[in-house]
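Quick one: the structure is below, and I'll ask about it shortly.
All chains are identified by letter, namely A, B, C and D, in their written order; residue positions are counted from 1 within each chain.
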Amino acid sequence: MKTKELIEAGRDFYRRGWSLGTSSNYSAVVSREPLQLLLTASGFDKGNLTEDHFVVVDGSGNLARPSEHKPSAETALHTMLARVLGAGAILHTHSVAATVLSQAHCHEGFLNISGYEMLKGLSGVKTHETAFNLVIFPNTQDIAALANEVEARLLDPENPLRHGFLLSGHGLYTWGQDVTEARRHVEVLEFLLEVLLRRQQHPCSL
Amino acid sequence: MKTKELIEAGRDFYRRGWSLGTSSNYSAVVSREPLQLLLTASGFDKGNLTEDHFVVVDGSGNLARPSEHKPSAETALHTMLARVLGAGAILHTHSVAATVLSQAHCHEGFLNISGYEMLKGLSGVKTHETAFNLVIFPNTQDIAALANEVEARLLDPENPLRHGFLLSGHGLYTWGQDVTEARRHVEVLEFLLEVLLRRQQHPCSL
Amino acid sequence: MKTKELIEAGRDFYRRGWSLGTSSNYSAVVSREPLQLLLTASGFDKGNLTEDHFVVVDGSGNLARPSEHKPSAETALHTMLARVLGAGAILHTHSVAATVLSQAHCHEGFLNISGYEMLKGLSGVKTHETAFNLVIFPNTQDIAALANEVEARLLDPENPLRHGFLLSGHGLYTWGQDVTEARRHVEVLEFLLEVLLRRQQHPCSL
Amino acid sequence: MKTKELIEAGRDFYRRGWSLGTSSNYSAVVSREPLQLLLTASGFDKGNLTEDHFVVVDGSGNLARPSEHKPSAETALHTMLARVLGAGAILHTHSVAATVLSQAHCHEGFLNISGYEMLKGLSGVKTHETAFNLVIFPNTQDIAALANEVEARLLDPENPLRHGFLLSGHGLYTWGQDVTEARRHVEVLEFLLEVLLRRQQHPCSL
């Protein structure tokens, strides 16, 4: 069931150009105690996933069931988000807008997204008058260190990171209580990133 | 039948990126006396609507048939448009172009759209030489007040609002005598918004 | 057979956003002596055409077979192109790029398109080193006068109009010996218009 | 099997607008000794390829099996890439972004693509910190001379051309050990070209 939902998410994201070139990875929690996640295996076309393109990993990111495939290189982010936030599904996409904006604004460390009705598609947001900062982390191949850095921001007592984050020149991570909610968050945030990118190019902003 | 037409509209709008993230809402009048509208329920994916994702409301926006779902939060706009204009179908979409332009031009209160052949796709327009002002209202979560404000503009004796309107940073409302005409109006206006946005970025306009 | 080809062309053009809102019209010659064209009837959704959405007109644009539908308002352009050029199919599309560029460059009267490999997709063009001027006519609702004006340019002995033309703020007309060739010409020209629009927005051009 | 993979690649590239108007050509090696390639025949719609739209050519680009069709005009590039690099599949696409950027940067001779996570989708690239120059050759109709020029760059002992190249105002060539890898490389490079084009239009870059 969750496999099917992730397969359908991949088909749609691929069609929209958000998961080209075997980029992206998706997961869903299949057990809480012990923590186990269904996760896309490394290196497959996200537009044509089948059940064979997933692995099951434990809370440490090791294979919980034998598989000939390797888990995604970014497994540690998925397991951390499932553990720290209790997220039921985590989706990571690579869109053109996320790549351009995360690189252009990386030195500021966040993108301010305020005043848009679409923000109400984020879980818990009740009005467009919300001011939301989408945090941007510098990209790295050291996923363990990155997971620690993100975890510290999630647990920040004053201004905890919420809803999702960008990796510079790389893409978007977001999550939800289940695949349906996580997929809605991908659509909301990717839509808003496209709005921001085109808004910045509008003559009123130049 | 009307349910099927709204389901197909949703599938196409979702594919085009005009109804992402459970945004948008669609309605069709199913009875005039008393007024009853078939309306999308709140919070469902518009690309995969089924008969179960609709409710029937009366002219006051209350459920006319028992349902476990809630009507859209913007029901009062739909019922007002059906009542005041006699519209048979009302469609609300959230596109990138509508979001960017409605926000950039909100302080002016309208977008001038003139000289385009596509305007002839709006009911009653016979020539591209029509000058059309697409009115923009500031966004609000007070839908009752907004419905009153829009109604006053629809009934303005000198310059009545016609064809559709924008909510700033939010999206487009348009309507028609039936779902087919309302859907044509969505396509015409969304096309023209995309034209305007790209025209404004053209070097001749900078 | 030709009906089916035009139906498929419409489905693809609609999907790409080149024939939204019941805009556009398509024709194919079904008889030469006397001249008769299969032509889209006025006012139907181009993404969902059926055999019932076509009429057959004679060389003067009158119905050659009884029909409850009206021929397209732009019939005179189709019959003229079939008569003067011997075109076997004529396709008219309304894209965002064609609308923006035809309006921005209307005062010059043409768009220069040179140096692109894609030009070789136009019938008779053998090298990208071809310099091609895509003629732009001011838009009008007087289709008879426009047809005469275009005909004069087609018959210009020194610099005859070839491959297609734009109507300002309106769209593209192109043609071919059959539907396959005409559709290839639509794709080539719409591609090149999108290239030009984005090229003009490139910082090297500002 | 390889025919089917190339047919599916064509359907997807056509849908994305990377192979419009019968542009593009695709090949896969079917025999190494002697070298034989399955290659798209000249002049067919890439969105609707069938087995009949392919030819088999030998290492010199001559038909290795009788056919009523002509091999693509760019056959010599395919056979050279298969011979010099041992590529198992070669894909050539014509996108808007590749056309605009290759023309705008042709005088520099390359596009610098650095710092993007998506680069890891290129075979052998392990980190986004890779600096990659995508070489641009001036366009020409002398394919034999072009093939020699590209071959010299592939064999350059100091800085051999890798991953793909652009032809100015024309499009992208890339390859892989099989159709799956070559198609991944098309998606990665076309994605990055779109990123670069939009990045250059971003106000931070103006």
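Everything below uses one rule, namely that a residue touches a chain if its C-beta (ideal position, glycine included) is under 8 Å from a C-beta of that chain, and two chains touch if they have at least 3 such contacts.
The shown structure was predicted, so the numbers you read here are calculated from the model rather than taken from an experiment.
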Cα superposition of chain C onto chain D: how big is the rotation, rounded to the nearest 5°? 90
Find the chain most remote from chain B, comparing centres computed as mean CA coordinates. D
Check the residue numbers that chain B and chain C use where they touch, and answer same if over half are used by both copies, otherwise different. different
Please tell me the distance, in whole Å, between the geometric centres of chain A and chain D computed from their C-alpha atoms. 31
What is the distance, in whole Å, between the centres of chain A and chain C, each centre taken as the mean of its C-alpha atoms? 44
Junction residues of chain A - those touching two or more other chains: 201, 205-206
Here the pairs of chains that touch are A-B, A-D, B-C, C-D
Footprint of chain C on chain B - complex, ascending: 12, 16, 115-118, 121, 126-129, 180, 184-185, 187-188, 190-191, 194-195, 198-199, 201-206
Looking at the complex, which residues from chain D come into contact with chain C? 17, 20-23, 45, 47, 94, 96-97, 99-100, 103-104, 139, 141, 167, 169-171, 197, 200-201, 205-206
